[in-house]
Amino acid sequence: MQWNDRRADLQATLKQRRRGVSRGWYKFSRNPLSVVGLVVLGIIVLAAIFAPYITPYPGHAKPYTNFAQASQAPSAEHWFGTDRVGRDIFSRVIFGYRFSLLIGAVVLSLGVAPGVILGLIAGYHQGTWVETGIMRITDVFLAVPPLVLALAITAMLTPNLMNQMMAIALVWWPWYARLVFALASSLRSEYFVREAELTGASKLHIMFKEILPNCFAPVMTKMTLDMGIVILLGATLSFIGLGVQPPKPGLGTMVAEGAKRLPGEWWGTVFPALAIVAVILAFNLVGDGLRDVFSVEEV
Amino acid sequence: MDRLLAIKDLHVGFRIFEGQLRVLNGVCLDVKEGERVGLVGETGCGKTTTVKAVLRVLPTPPARITGGEIIYNGQDILKMTRRQMTMLRRHELTAIFQDPLQSLNPVFTIGTQLRDIVRDSAIGRGQRLSRREVEARCLSALHETGMPDPERIMTNYPVQLSGGMRQRICIAEALSTNANLLLADEPTTNLDVTIQDQILRKLDELVEEKGASVVMITHSMGVVRDLTQRVNIMYAGSIVEMAKTRDLLERPKHPYTQGLMASVPKLTGEGVSEGIPGRIPNYLDPPPGCRFHPRCEHRMEICEMTAPPFFETGDEHQVACYLYGGKT
Amino acid sequence: MTQTSILTVDRLVKHFPTKAGTVRAVDDIAFDIATGDTLGLVGESGSGKTTTAQCVLGIYPPTSGDIVFEGATIGVMFNRRSKELKRKIRIVFQDPGSSLNPKRTIKQILSVPLRVHGIGTDRERLTTMSRLLEMVELPPADYLYKYPQAIGGGEKQMVAIARALATNPRFIVLDEPTSALDVSVQGKIINLLMRLAKELNLTYLFITHDLSLMRNVATRVAIMYLGKLCEIARTEEFFRSPMHPYTNMLLSSIPVVTEQEESLKPKKIVSQGEIPSPVNIPPGCSFHLRCPERLPICSEVDPEMAIQEDGRVVRCHLFPAR
């Protein structure tokens, strides 16, 4: 039987992918908490994207004051209450999620790719000066605490969100380099890599087409869990005044503003803080679920 | 004449993404005291699952024991409490698995692991051993399996040793507990031929000495020939033939057994047979009736309808095949 | 060395310096393989059979000695070998579980050698891959899109064979290709390999520890022990009257299944002792400590390979060169 119909080939390839996705979903859904996490995360992401359309007071995310409504406790009109200049906290929290998610996305996009590539190269060339060079540079960056470096950089340059994100990205890539380095150096001695080498495949092919697909799972899981940490880091920087600047509604910034009014006007701090907790928890639960998805079932 | 272990009609299934895997389909196995029994079957036939069921170490979320009994010394293992099971595993049962890398803890030295085992199994019997006695027993256990330089081995980590040596340590660990029933799951598959020969003879000797019973699981007919008194052939989740070893090897009756015997390359040099056509069944949707019927050249209508029971064909030789009875 | 030898190995030595001492994995061996033959290389752990194959493939450069393939010396590492050479010499590994990348489909796996060696255009590749799978009797429509985990060990090994054949090779190293497989599947693979050898005029270096299999598959058999060759002979002669004491020990340890085979085995030599590590090779003949027929000279002088009357080569003081 001749099998050379390109359309059938494409169909078969797609069918295989679909099956992989359904199997992945099955494994993910075995753990109810992961599903909860995914749902919460979905809600948060959608809310953040559609913030101007779904929040009751979208204008409050911009410069706005209304001292008549200031410092009101949570009520039917203002679910999370208002802050000391009269802005609706609920709407600001939803807009605040935009910054948090943005920071996570940007840091990981900037930090993960270089880290993975460097780790891949170092791992495949283990035992040579290439590995030594790359890994020692990685060590240097790992030695610096992220918060301190981010502080230093944002303090030197103007404190704003962009610089903050760059700073965190700068210290984030070494973790991925280490992770992928460990994976790549152990995969290097697998028979299928050896076979590709003996066939004459190029180093690029071996690194990116043979080894990298086997690193995908741990990297994805780590990324999901890292989102939570990065968001927290961003919120911390905002809290101390080096991140999202007022009057922008960063979650950390809001916590700082509201902290001055504790314990009386608790809603100013507590709700933004809970919002931070919610998003981090959601990412962690999803990360757990992803780990199950990638685990190999043993029967 | 006492039956130490009697597995009766064991059914085990696994729940996976695509559905329910009905793996064990009524396994029946007997081991008498002091007897050496072989369990021969190929990859995927369920022999490891059976061993794990006896030890009650099947991971029970995906796995489920859906029927049958495992009677050890008169008690049903499947109904035992956690504590009873622990006692059983400590003193009565011991196992050797196929992959020593999974059985040995990579972060402890061999000495640490072996000493723990020797001490624990002795304490269970109410004996307290001095350090020197524990050490002596460990060294002698290692020496018994033919390890060179036991003192140095005690200080090594599993990764420092070759695969064959690791397996010998697992065997040493198993034998040092003086258990009554040894479940050996392909213990010598990865060993060199001359070493395998040594180990099997040593195993034979030691088992004889201690009066233990052995269930030797293997896919090698040659190994059962030398080591066991009775042998069971397993296919796709149930036993298809059982007999005294020499009898089965010389007069295999079940078509599967005959196929297996024909597939083994022989020293007489008649070439390599094509093996048995087909594949093991898909446990998600196993064939009805006799699970071997799709691959059997002697299949009849009744084979596709109900699974055959055991038919006695003289001198303790039982075959689960309609060629030997029950056709009407 | 005959004209029809496709591979000749001469005075091959491979030592690995380690902290514990030099591992003399391969210690001066020589053999040749005629085109179309299957040489069975048999040995236990530490024998050096795998290292020998690795030197032939170029995974390691030899410490000294020559490896000549189709008339040209090739004793260098694979990354310094020509692509053409890599096309001609291929390997099938022992463990099908790890010789196929679990994250790639069979189609992607088979496309690698085709792309690397520029075999066929993009359009033709699908056809070529189907043809390869059909050669190993796996229906392409099903198997191209599967991942290795979805297929059985025997089938994985057949994919590995298809992959080896993808470049139209001349010589294939088979490193224990059926050791990890069930006996009922083994037959199919072995018969396939034998058939392909005839159809495509392939030469095999077949490494195994299974002597019963060797009896039915190899045209010549070579036994290695601790880096040295003990005996090389044509299969029938080898099994009919083994000469070297180690060969006898090996043959007498094989588990067989019939009385007939039992009677063919040499008298039972109880194998004593452990295989020494290749770091601590005993002086004189490396086998003398375990040899039931050792002579005083054996602990002092290492014997030479000696050609016997029937053309076989034995390395033992009991059979000295004439």
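All chains are identified by letter, namely A, B and C, in their written order; residue positions are counted from 1 within each chain.
Everything below uses one rule, namely that a contact is a pair of C-beta atoms (placed from the backbone, for glycine too) under 8 Å apart; a residue touches a chain by one contact, two chains touch by 3 or more.
As the structure is a computational prediction, the values presented were derived from the model and not from experiment.
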Chain at maximum distance from subunit C, centres defined as averaged CA atoms: A
Chain pair, B-C or A-B, that carries the greater number of C-beta contacts: B-C
Subunit A-subunit C separation of Cα centroids, rounded to whole Å: 50
Separation of subunit B from subunit C, taking each centre as the mean of its C-alpha atoms, in whole Å: 31
Inter-centroid spacing, subunit B versus subunit A (mean Cα positions, whole Å): 48
Subunit A partner contacts - residues on subunit B that touch it in the complex: 14, 16-17, 21, 59, 62
Contact footprint of subunit A on subunit C as seen in their complex: 57-59, 78-79, 83, 86-87, 90-91, 93-95, 98-105, 107-109, 112-113, 116-117, 123, 126-127, 130, 134, 139-141, 144-147, 149, 163, 167
Contacting residues of subunit A [partner subunit B, same complex]: 22-23, 26-27, 297-299
List of subunit B residues in touch with subunit C within their complex: 42-44, 146-148, 162-164, 192-198, 200, 219-223, 225-226, 249-250, 259-261, 263-276, 279-280
Touching residues on subunit A, where the partner in the complex is subunit C: 1-4, 6, 8-9, 12-13, 15-16, 190-192, 194-202, 205, 209-210, 213-214, 216, 296
